[in-house]
Amino acid sequence: MAQLFPRGSNAFARISIVVVLVVVGTGLTILLNTNRLHYTTDVQVAKKQPVPFSHKHHVTGVGLDCRYCHTSVEESSFANIPPVETCMTCHSQIWTESPLLEPIRESYRTGNPIEWVRVHDLPDFVYFNHSIHVHKGIGCQTCHGQVDQMPLMWKVNTLNMEWCLECHREPEKYVRPREEVFNMAWKPMDERGHAVSQALLGAQLIQDYDINPSTDCSTCHR
Amino acid sequence: MALGEVVETQYHFEKAKRILSLDADFMESGAASVRHARHVALGRKVIDGQKADMNRIYAVESTPSNTGSFADHRLPLKASQVEGFARAVATTLGINTTGGNSAGHDTWLNALVKDLAAHQGASLVIAGDHQPPAVHALAHAINNALGNVGETVTYTDPVEAEPTNQCASLKDLSVDMSEGKVSLLVVLGGNPVYNAPADLNFAAAYQKVTTRIHLGQSQNETARLSHWHLPEAHALEAWGDTRAFDGTVSIVQPLIEPLYGGKSAAELVAMMLGDGRADYDRVKEYWQEQYKDSDFETAWQTYLHDGLVPDTALPERSVSLTENYGTPSQASEGLEVNFRLDPTIGDGRYANNGWLQELPKPHTRLTWDNAALIAPATAEVMGLQNGDVVVLSANNRSVEAPIWIAPGHPANAVTVHLGFGRTAAGRVGNGVGFNAYALQTSDSPWVASNASMTKTGQTYPLACTQDHHSMEGRALVRSGTVDEYEKHPHFVHEMGHDPGPDANFFDGIHDNDGKAWGMAIDLNSCNGCNACTVACQSENNIPVVGKDEVLNGREMHWIRIDRYYKGDLDNPELYNQPVPCMQCENAPCELVCPVGATVHSAEGLNDMAYNRCVGTRYCSNNCPYKVRRFNFLHYTDEETQSFKLQRNPNVTVRGRGVMEKCTYCVQRISAARIEAKVEDRELNDGDITTACQGACPTDAIVFGDIKDPNSHVAKLKAQQRNYGILTELNTKPRTTYLARLTNPNPEISQHG
Amino acid sequence: MGSPAPIKDPTMPAPVLGPGQTYTTVTQKLSAIITSRTPLGWIAAMLIAGAILQLLMLSATWLLIKGTGIWGLNIPVGWGWAIINFVWWIGIGHAGTLISAILLLMRQQWRNSINRFAEAMTIFAVMCAGMFPLLHTGRPWVAAYWLLPYPNTMSVWPQFRSPLIWDVFAVGTYFTVSLIFWYLGLIPDFATLRDKAKHKISQIIYGVLSMGWRGSAKHWFNYEMAALLLAGVSTPLVLSVHSIVSLDFSVGLIPGWHATIFPPYFVAGAVYAGFAMVLTLGLPIRYFYGLHDYITDRHLNNMGKVMLATGLIVAYGYAMEQFFAWYSASPYEGYMMQNRTFGPYSGTYWSLILCNVAIPQLLWIKQVRLSPSGLFIISMFINVGMWLERFIIVVTSLHRDFMPSSWDMYHSTPWDWGLYAGTIGFFLFMMILFIRVMPVINIFEIRQLVANKSKHAETASADD
């Protein structure tokens, strides 16, 4: 009886075992990491906004503090997007003819809020509170990155739960003095301005500020 | 009748040591019911080490009520028998009246009277709103004879600006309308086409009016027959003012702009009078006129901040008895029908409110329906079972109704609840239940005599949330007399089995330096009003599931009131037990969740992470208290836009396939904790109030840090009366109960 | 047949193989089922099974659209038909593994003709079983992968103390090992079919499936080694898998669940149910395909005896439950048992006793054990009885436990039954398909029997 299969079939069968293992392994790894990809998490993806608001210009250029616009961050869970009146505190007098700022002026005229595209958004079942984090010495830059260098806003961190837990489990690695929370340029240093290790500084601040972040589920999920 | 003029009677239950209720459900119905409930409960709080000075309540009632189940002694009598009983009490106290009839309960009556007489000035007799004027007159006389006037009973001028006999007035209007004498009628709120007594033929008469205008919150039955329906602003959307039952004035403040462009009744009338002022101005200017001193602005801001205008309670005044008690009427022989407002949807105005339709009624635990309540004896005689449909006839009118057996209901009587059978309530309320107004007549709106009931042979499914009424010998609600408690305070613990100190394999797993949350529920204060259930539903975005799902056993309430009967079902003892999550330290639910959706927090809470739950329901199977609720279908209404405004944004809205349960209002705990930390201060006892705790009128539910020996909850848990349920399972529940104590009269042998 | 009919020696066990079988007859008979023209009866059976299978499609789709509320579940009865069916199907699977693995290690020759379709039954039963834990969850689309341990972005692992996770591993392992073991046994038969196949496509398919089997001594040596190893791995699985499934209940604290007797009781019950299903399937196959020479009286007798033995263990379990409910003096335990025996579901309890305890006592009678129709009827009763047993464990324990205020009834809905019937349809569909494309009886193992018999005959005639 003639052979059904070519000579190399056995070798092929043996190699295919290895190939299948590799393919399945790689496939699983990719699949399981989809939630960490920048494609999924939009990290480093600048989102198109109705008005191309540049934090770089307003913070580094103009010198505004974060709290000029994001006024509720020290008292509330939500760090608000400012109302259009805040924009108009300046833009009623400067760049009043700029076509880029027309949506601002229109919003001011009609009272319809500008529909900003949310960059940092957590799912509805996650309850994050800004005020406690700011109060305990977590800098804006720690989570939001170098906002003062961003011509358009983008995420620098995935905001995945594992990322939140990194800090909750080891807060000494991320904490800074309260006065420096809004300082985008801060590097770990002691009171005299000498560079110091984050670990040492962090350990001290944990004690000073009584930092004991909970990893209980109900801390964030209610 | 009794006093020759119209007055308001104010009752001071906190001063009363002996209370007689003549068919008055004073803890549940009436404008002052919340205050009465609170004060009566205060009079029953018992603390270790202090002499127990509990009040004693005697309740004579024609239908089972929360007041009756709370009482130490209860006597079920037909409504028409109450007058005879009241006359007998009066006669025994020396009041000049005849026709006394104890309905065969002489011992009871004599012991009662003796007890009342022994507490001159510290007793209280109250007659129910449904009883005829003679009974009220007698009650006033009895109070007077007992020296209660000026102590536990005081009188004030009427609260209403122009007190009228509303029923007679409505009757006059109906007659005028049917004779074509009315050309314009503006109906400000209400729904007379639906709930006017049947003999007035209001609907037919109304249609004879040339122009009919209705102001209302929905296009109800009256609106449908009107030419114009004007949307009414809700009380929370409009400025106004109001008086409490004691006359205290409160300024009504809106929380939100009218959602549907409504106007309040006052606004409409003002408009009709040509008053063009804004709402706010009109109210403020009125009160400015009333205010005599100089700085009105500060006073006004204080009124708005406090919610009350001080010193506006009506002053006490004196009255004199006319000694006119009318001619004694005979108790009726045949079947009597009691008409009652529904405990959850009232006169029908809340028929379209899903929360209230689904809230289990006290005693019967029925939802989404009314039923004709009858005594077990009546059911046996007629061969009726729950759900059998009968034709109930009275006053030459009849209606079909399913029956429900209500233990403790007097024989030969039926109770029907008003507010159902609506045709224009809305999507939720239409066609729910039967319309008892069809039987009601204006001459005797609360009782109909010579009624009859005939079987139809059909059945109707009634959705009840609790099928089993007995505790089956399990020590769930523990109770004893106050005497037992004083002699032997430890009796509560002997009724159950607590595990020994070595029962734990691991020591102190959940010990930490921080707070330890716990809750104590005083069964001596809970009267089964269900306010906690609704408050929890409101706070935690709990969905309404509808009648079919309640029939399937899937109601979603996180805290439920369990109701148990004990003893002879003709007049049983009734026990209410609110059951929230026990937040067990050794939680059986945490062990079995495969994905870790429920875990223990460092502060002792059993956390529920809805987003992690995959819905295997093993946790619910393993919970011995069955406090967990599962979203078997997508119960949350995602379409109705106004619900988005209603929901609490601090609590996740759950979708299909997710388990949920009481969290001790963890969102409130978190908010308070964060606030305290941001302000760099400690959390104090009382900073956190759970929703159920806040709504409870009698302070039966207390929440706090059990590690703080000065907290209210720690002190309660240290009481001898404190016990946990099913502790022999070693669940170590953080929610514990304080046993119920009764204060029976030693001369009356049993509960009845 | 030349020699005169031998005198029946009662001390010798009945033959495992019918008389006059040779290598050729065995191969011809068993491969003919596959290579012959498709019989109309088979097509009819497939259509019927396929129709019932549609119920599965329909019920599962509606379930995914609406949610578990379409079933009769409520609080307190959070588990219903889905879990009952899950345990029922897994239990059924155990007989196949016992026959394949344990009887192999015990060198029982009578396993040779039944192990193939019994193991197929196991595979398909476990497939049916596996659908239920996934479908019964409220959110199956996440349950599918959150129950597996992998490094996710939430930094959260499954909760390993829960018996449901143990199930994932136990059933997963069981399915994988059973599939490998079954496939291994099929390789020499695929080779036979490859050689017997008439069409090029069949040849290639069977050829690929047989992985180049030549039947050489080296191949046989490898095969025997692998089979022994897998049998060694499968044997503890027979005991462990259903023990773990039983722990789903034992770890729970409600009366009726919290019992240490469950692991052995469930395993015995599984073997009981499994053998019943083997008979339910095997007897018709034997009848329709005329396989009386391969599934002989010896097989019927032995299977009957296994059923009787396991049935007695199960009956012991029931008796002990009653005893301990009384002896424990626990009011909850006592009430549970009393409710089971005399309460609203007492009809199912007494049916259970009838099906699982009373009727199988007929198996003491040898004539019953040798009667195919008798065995078939008894096996159907046991199938039903074992389903009732899980119903009673799940539903009657849940419906009335500690707090009387929560007591309620479970009312099944058409969707409960539809999904169950659908899985039966799936099972039958797969079995009927299997019969047509793979040898329903292990060809080479029967050839082994022929070889043993002729060797035995040689030695016997040498002794004579």
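Order as written gives the chain letters A, B and C; numbering starts at 1 within each chain.
One rule holds in what follows: a residue touches a chain if its C-beta (ideal position, glycine included) is under 8 Å from a C-beta of that chain, and two chains touch if they have at least 3 such contacts.
Just so it is clear, the model here is predicted, and its values are computed rather than measured.
Using the average of C-alpha coordinates as each chain's centre, C ends up farthest from chain A. The greatest number of inter-chain C-beta pairs in contact is found between B-C. Spacing of chain A relative to chain B, judged by their CA centroids, is 49 angstrom. For the pair chain B and chain C, the distance between mean C-alpha positions equals 57 Å. Taking the mean of the C-alpha atoms as each chain's centre, chain A and chain C sit 54 Å apart. Taken residue by residue, chain C touches two or more other chains at 154, 156, whereas all remaining positions touch fewer. Residues of chain B in contact with two or more other chains: 612. In chain A, no residue reaches two or more other chains under the touch definition. The touching residues of chain C, counted against chain B in their complex, run 66-70, 72-79, 133, 136-140, 142-143, 146-147, 154, 156-159, 161-165, 168, 248, 251-254, 331, 335, 398, 401-408, 411. The touching residues of chain A, counted against chain C in their complex, run 1, 4-5, 9-10, 13, 32, 35-36, 158, 160-162, 165.
Those residues of chain B whose C-beta lies close enough to touch chain A in the complex are 599, 601-603, 605, 607-612, 650-653, 663, 666-667, 670, 674, 677-678.
By the touch rule above, chain B contacts chain C in their complex via residues 466-474, 476, 549, 552-554, 560, 562-564, 577, 579, 588, 591-596, 612-618, 620-622, 624-626, 628-634, 656-659, 726, 729. Considering their complex, residues 150-156, 194-195, 203-204, 207, 211-212 of chain C touch chain A.
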